[in-house]
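Each structure below is given as structure tokens.
Both of the next two complexes hold chain A, though its partner changes from chain B to chain C.
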Partner chain A sequence: MAIESEVLVVGGGLAGLTSALAAAREGAEVRLVSYKQSTLRQASGLVDLLGYTPDGDGPLTDPYEAIPDLPTEHPYSTVGVDTVREAMDLFDDVTDYAGGHTDTNALVPTHGGTVKPTARYPRSAAAGLASDDRDLLLVGFDSMTDFDAPHAAAHLEAAGVPFDVRGETIRFPGDLRADAKVTRYAKLLDTNGGVAVRGRERPAREALAQRVNPLVDDEQRVGFPAVLGDDDHAGVRAALESKMGVDVFEVPMGPPSLPGLRLEDRLFAALDAAGASIETGNPVVDYDGGGRVERVYVEKNGAEIPMTADQYVLATGGLVGKGVESDREGVYEPIFDCHVPHSDDRYDWFDTDAFGDHPFAGFGLRTDDELRPLGTDEAVEFENLRAAGSVLGGYDFAAEKSGSGVSIATGYAAGTSAAAEVR
Partner chain B sequence: MSDAESPDTDFEPVAPNTGEDFEPTEVFPDSDDFDLRPGADSCYKCSICDTNCPVAEVDDDFPGPKFQGPEQWRLKQTDDDYEIDDSVMDCSNCMRCDNACPSGVPLSQMHNTARGEYVSEQMDKTSVEYWRNRILANYRTSAWFASKVPRLANFAMNFGPARWVMEKTMGITSERDFPEFARQTFREWWADRGGADESRRRAREARERRGEPADADKKVAYFHGCYSNYNTPEVGKAMVRLYEHFGYEVVAPEQKCSGTPMFANGMLDDARRHAEVNVSSMSDLVEQGYDAIASCTSCSMALRQEYPELFDIDGIEEVAANTFEAVEYLRIHEDLRGAIREADVDGDLADEFAYHAPCHARNQGLDRQAVELFRELDGVGVEDVGESCSGISGTYGWKEEKYEKSMEIGDEMFDHMEHAEGDTGMTECPTCAMQMEHGTGYDIRHPLELLSAALAGE
Partner chain C sequence: MASTPHVAVIGGGSTGVGIARDLAMRGLDVTLVEQGNLTHGTTGRMHGLLHSGGRYAVSDQASATECIEENRVLRDIASHCVEMTGGLFVKRPEDSEEYFEQKLRGCEECGIPAEVVSREEARAMEPHLAKDIDKAISVPDGAIDPFRLVVANAADAQEHGARIETHSKVTDLLVEGDEVVGLEVEHDSGPGERVHGVESGREEIRADYVVNATGAWAGRIGDMAGVDIEVRPSKGVMTIMNVRQVDTVINRCRPKGDADIIVPHETTAILGTTDEEVEDPEDYPEEQWEVDMMIDTLKELVPMLEDARTIRSFWGVRPLYEPPDVGSDDPTDITRDYFLLDHEERDDLHGMTSIVGGKFTTYRMMGEEISDHVCEQFGIDAECRTADEPLPGSEDFSVLRDYMDEFGLRSPIGRRSVERLGSRADEVLKTDGPNPTVCECEGVTRAEIQDAISQSGSDLNAVRIRTRASMGNCQGGICIHRMASELHGVGASDASGGSGDGTSAGGYDEAVVRRAWDELLQERWKGQRHALWGQQLSQAMLNYALHATTQNRDNDPAGGDAVDFSAFDTGTPSGTGAAATDVATDGGATDGD
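Let's turn to the complex of A and B:
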């Protein structure tokens, strides 16, 4: 015996979650197995579709318009622009993100003071859009050094935003330790827990609003680093807005990212609601099979737990997620040993300039038009295995700003066609 | 973050990471310390682990897993006089951080070793805190005494004035009720029932009924742990009946505490002594083809992960590789789903349950098992009450100075339990059960009890 399902998805990042969700919604019996938490917690929580072309042109206004001109090996070319749209519809359906009302990219200020073209953004970031012309105040906390509000404001100003922007730094009420965790702020605000202000216990939300109020001139919107609550982030924002009489928004931050974490929670909940089985904490390490994957093995401290399915989706991420690994000998995909095209000379893998055009950024699997990985001989490696997300090659998510979009689109395509095989 | 400045820009594709080539090596010849530097080196300071830490979420003085693990390790490597920071004693050993690290840093192993070193080298052995921790960690010893006179123990342990004295002199919170001791321990029941011989007889009967070969190789060694022996023998009995129903012969070998409370209190020598007994009895059986089965997820976690990470005992790897959680094992080897689809429950277990997944089930990939398994069982509903840690973390919530924090961590779970449909709780972990009951007043059951009632009819 083994643990059985119709579609088995390996990897719990954006790509794995989307493919499991797509397959489950098509009626397939789905199981998702993931090792660690996904790179969503490291990402900003913004969902980029395509911000720049592979040649660096941009920022693009309409990512969908640019997709047909991408190179053939690009994952968007593999799945086609209609599938990208359907995939984004699924995403919009299960999340509460904003941006779905238009094809054009939104411009969202980042914690470094740059403006980033993105397709979907958390509602909590909505009042901060750079295309809005209301004046803006950024508020940073002196204990959170990753966000220097005056510096970010100066950057935004230099970028030519159509409004006045100022930055102020305050002490978070209650004097949290200098390296307090983002979850500590979030929990305090979620529960409106007590903080000591001049010797008196005050509820955190009130204390924060009171501290910021005197700093607001005539700005109509105030941005904080993205630590405004976790479970009840909408409640935290609404409370601050009513106490401050302005719109409040969050500026997406570097890792660890609360918006990324909230998105992850949301997607897991949707997957649960769709009836899929989920298992995290242990890696898939091996498989049985020839032209078909018969079963895979999940490793728990030496014990190998067999799992079988009819169709498999590989969504184990790229170099960061550990779906693609490298050593001195080469670059490889560790579970199925799918072929990863790369130069034999490892000095060709990266550019000597740190910010150069690194080939490793595009490392990943090549597939047929059904997302099935191809071997050296251009033949499909396994008839029932599809790949999705940053385990795929042919694109550079950091340069193009396409990371989440590619994961969602290919995840959706892989999940939908895997489900079609079993129905 | 905006990926314009993602760590990718200085990503070195040939940098070492923990993976197959990660092997802790001993550098201090006469000590139990491992050099975890390769693990520390692969930390790229993304702080994702910190987002998982339930203690850092409520305790402003706790610097979090990244500091406790890789950072402290580096400080120690570069400065011979560096003393382990005493905050390591505030880590509850929930092991949630392990689940987070995208780079495979062995965080809980680092915490356990650092804590062991702190206790053995820096902690005052005459302090109240040391002895309090030691008593809490050696629950098995107290439980053994108590089980000899369960009625008296149940009374004395929860007798108000005595509890007041315990709090004032020993720092054991008087807010909690001590768990009740069973009148008959699991082992007493097991022996009365006829031990392994009786189990073999029943298993054979079941195999005949199931049409399986009489000599089928189906045998398991039950690691019942302290709690289901002394406090909740009904869990152990359910395990035995269920396994026999599927034709498995059960043995209950000699065993001590799994060591979980000792790891959390840095008492590695105590833990090792117990581990040696457990590994030796289990590895003999593993050699004879038995698999080790635990009904407590902290016990299975200890045997599977902490033992091989911390100790070097003959047979330890084999035991780890052949240890399973009780329900998980049946899912792998039997058509449990099929059986559940055809079953139903009535009586007092026909209920709606508010299920909490213990932290130590999470790393084993078992946090969703109960919810998914019972979806198709007629007569019951099992609702997941969310991913929050229960907050008690074994001995952590028993300490007077930690009690409030432990309740603050658990608050989200209590809240979700109260909003769930049922008024009965469910979990695999005995201390989580204690916390669930304490926070909501609900009765708490183990999934094995439900399974056994549905399938083995008892």
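Let's turn to the complex of A and C:
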């Protein structure tokens, strides 16, 4: 006997979580199955809507204004700008992100020293905005090679930021080894654990603040790499702010990204609160059905467990998340074998420039207006399957800075219409 | 002689640095110029095979004999560059028994230790060999790191007083009457350690003798003096796998053919190669079918290659040379022997000799012969010592010490660093500050990166070839910006110069660093383009996302149009932190919400 639900969402990233949440909030009985860790841990934790047009214009101040002019195959064109707004309202409702007070993009300093346009940012990054003109001090840790504060500061200066910026490198208090994981720093600050400083045991937050305080000149805000706590990151930041007398913020970093993981936790909690069932750790490997998906099979300890639903959402990610795969012969979607348009010649998949116009960045499914995947013959592949997020094609999230926004908007649209079908 | 003769060597590949080291050790005054990095040409684009000579034991026994001789020499003088993997010539059922016997006999005739191994024995050594192979011949093939070897030769030449100039392109030869008296170079970066585009310019280098060791580029140099050097460049593709599917060198035991060798190299295995004549050593097609053929042919020996992950492919050009009267149609027929072209004898042009042809494994022998020849011109009687004196890094290096504890490194990282550095490990790894890993794929720590920067200046590609950083599975996706930061931060323990030459008090200027960073990013992309399917395509998308999305490197405002910062979100009171609870700031922060 199969495990049953009304809406079954495959995939636990931003798109999957949003679609499950949207469907559950519409009253549908929802189950979400996800396999490995989602790519949120590889993302910065910033939520971009649209930073640049496909032609490269930008940074855009107002992403909503640019959406109606996007090409028709773009997922935003499929769902429409009103749906994007509704989806962002849902996101704002279940998270504590900042930026929702305005349609205008923010510019956030990156760990590489550039600035990036984004629509929503974690509270922990809020004091770091590059359009805020207060002087800024960046502080890096000498054993953390991912963030070099003096280099990032020099780069920001070269970018013409409207404030003075300096970088300082310190040794993190205590005796963490040179290759300590970022979670090690976060945990130590979370628990405010004791660290040895000049032979004396001090609480980590206090020791860190004391080490940075003498380095602060007139700056009113101080940025650290994004390792300031995990479970109690707000508490860590508040403690540092009160001990240092300045605003404290985090500079988002590459993987493993604590802000990305925190966002994931937040969304899973919201989904749980909305009453959805969640099952992680096992892949969906196969399905039954013709014009309709009858059931899918989840591989668990070598067995294939059937799961049935009325409506399905495919949110397995793109090339990075392995929702889209390839071999020397071609590009394919591994679960339902939905059609992925691509050139037969592998050498047409990329551009010769590292940041050129890469066709592979747009690999993914094409859909109808309801986000149902289309086959080679333009016909809907399955009447009860919708796709959301990076598994969709027709846009280059990296160049546009639109990844999170597309995931949230299409996830919301897919979840909402799937729920409408079962009501 | 009234003064020491000054010899200018053109070309910073294995042959050029071999000559420079040899001449410098014999007391001559040497300047070497190279248009790119050391190894920029053919040397940096090979599969890193240390020939036993087995490969030439049937077709070219003179070369085979030289190979085994030099194989032994390099094991002595370059121990930290060599991994003696051993090699197998594997016969499949469809390959000729007669050739197998010829190969075995040829090895004996050339003094190459060779032994027949059965299918079972071969598969016990290399479990991923195809089940249906017949048998194999084992020979002392090995793997050698051409980058490390060339850097060590250049470093030793410098120790003996030579001047080594990279990124210095020869723009003309100075010819007076019937004699070459020097050369004119264009420095991309100014003399000394490389600084991108800050201090560049033309320099006339007067020399008593010029050696043209530019391999496939030899004809270009010849043209500048009006002499004709007919090098026949021949391209070959090599494909890098993400792991070592084999631990010994695997050769196909059949007469010449494409795609017949797999060389285990550091953490990877390299598939090779093809042999196809090209017109221009710098501009030739790099095509998909060549990569596919490599995999499809070599999977006959190692079936798992069919589905294995490749991380990039690259092409190199052989500097083949054929004396004018031979006239082969097929580049695989051209001898791998080397030739000294004395332009005085040949073209009545005094003061210059070119060296063409040859193989990487015999680079030292070529250096010896041309150094003898140069010394002869000046009536100098100085002995060659390059076969006896170890290269820097290889002295007294016999035991791998436990560097993990001593330098606080995790064990595989410590071991690999010490293997790479050889006897220089102490000097490089001892540091007062923490020594975190910068490149996780290849286990390269900050101390090694800083050491490489101190040798090569602001060129991150040169740092790469010295350390292997950015050469692993992720192809620099995770570490390129970290390497750039090391360049910016250089000087904390090892100041490399004051401001005004592109270095600021703390290291190189941000703009210099940014250029080096972009250059390495593009260089890493170049080879990955030939591996874009499956896992490597997924990796490429991740790298693209990390650079373009997380860092916004593709729209870096520092390199682009000015941004109107005031038009963007400046945050809300509740969004700018909670500092106001303790201390008033002028940010107008209130405890909002």
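Assume the second predicted complex is superposed on the first by the 422 of 423 C-alpha atoms of A that agree within 3 Å, B and C clash if a C-alpha of one lies under 4 Å from a C-alpha of the other, contacts with A are read in each partner's own complex, and residues count from 1 in each chain.
Here, a contact is a pair of C-beta atoms (placed from the backbone, for glycine too) under 8 Å apart; a residue touches a chain by one contact, two chains touch by 3 or more.
Model, not experiment: these values are computed from the prediction.
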item: First (chain B), second (chain C), both or neither touched by A:Y287; value: neither
item: Chain B versus chain C as contact partner of A:Y64, first or second or both or neither; value: neither
item: First (chain B), second (chain C), both or neither touched by A:F91; value: neither
item: Partner chain in contact with A:F336 - chain B first, chain C second, else both or neither; value: neither
item: Touched partner set for A:D231, first chain B, second chain C, both or neither; value: first
item: Of chain B and chain C, the chain that contacts the larger number of chain A residues; value: C
item: Partner chain in contact with A:R184 - chain B first, chain C second, else both or neither; value: first
item: Contacts of A:K36 with chain B and chain C, given as first, second, both or neither; value: first
item: Which superposed partner A:Y76 touches (first chain B, second chain C, both, neither); value: neither
item: Contacts of A:Y412 with chain B and chain C, given as first, second, both or neither; value: neither
item: Footprint overlap on chain A, where chain B in one structure and chain C in the other make contact; value: 42-44, 110-112, 114, 116, 177, 179, 252-255, 319-320, 322, 325-328, 346, 349-350, 354-355, 360-361, 397-398, 401, 403
item: Interface residues, chain A side, partner chain C - complex; value: 42-44, 48, 51-52, 56, 58-59, 61, 98-99, 101-102, 104-107, 110-117, 123, 126-127, 129-134, 142-146, 148, 150-151, 154-155, 157-162, 169, 171, 177-179, 220-221, 237-238, 241-242, 244-249, 252-255, 318-320, 322, 325-328, 345-347, 349-350, 352-355, 358, 360-361, 397-399, 401, 403
item: Contact set on chain A toward chain B in their complex; value: 1-3, 33, 36-37, 39, 41-44, 46, 110-112, 114, 116, 176-177, 179-184, 186-187, 191, 231, 252-258, 261, 265, 272, 277-282, 298, 300-303, 305-306, 319-322, 325-328, 331, 334, 346, 349-350, 354-355, 360-361, 397-398, 401, 403
item: Footprint of chain A on chain C - complex, ascending; value: 287-288, 292, 295, 408-410, 433-438, 446, 478-479, 481-482, 484-486, 488-489, 506, 509-511, 513-514, 521-522, 524-525, 529, 532-534, 537-538, 540-542, 544-558, 562-563, 565-572, 574-579, 581-583, 585-587, 589
item: Chain B residues within the chain A interface of the complex; value: 1-6, 8-11, 13-14, 17, 19, 46-48, 50-53, 56-58, 60-61, 63-64, 67, 99-102, 104, 304-305, 308, 317, 320-324, 328, 331-335, 362-368, 372, 384, 387, 411-412
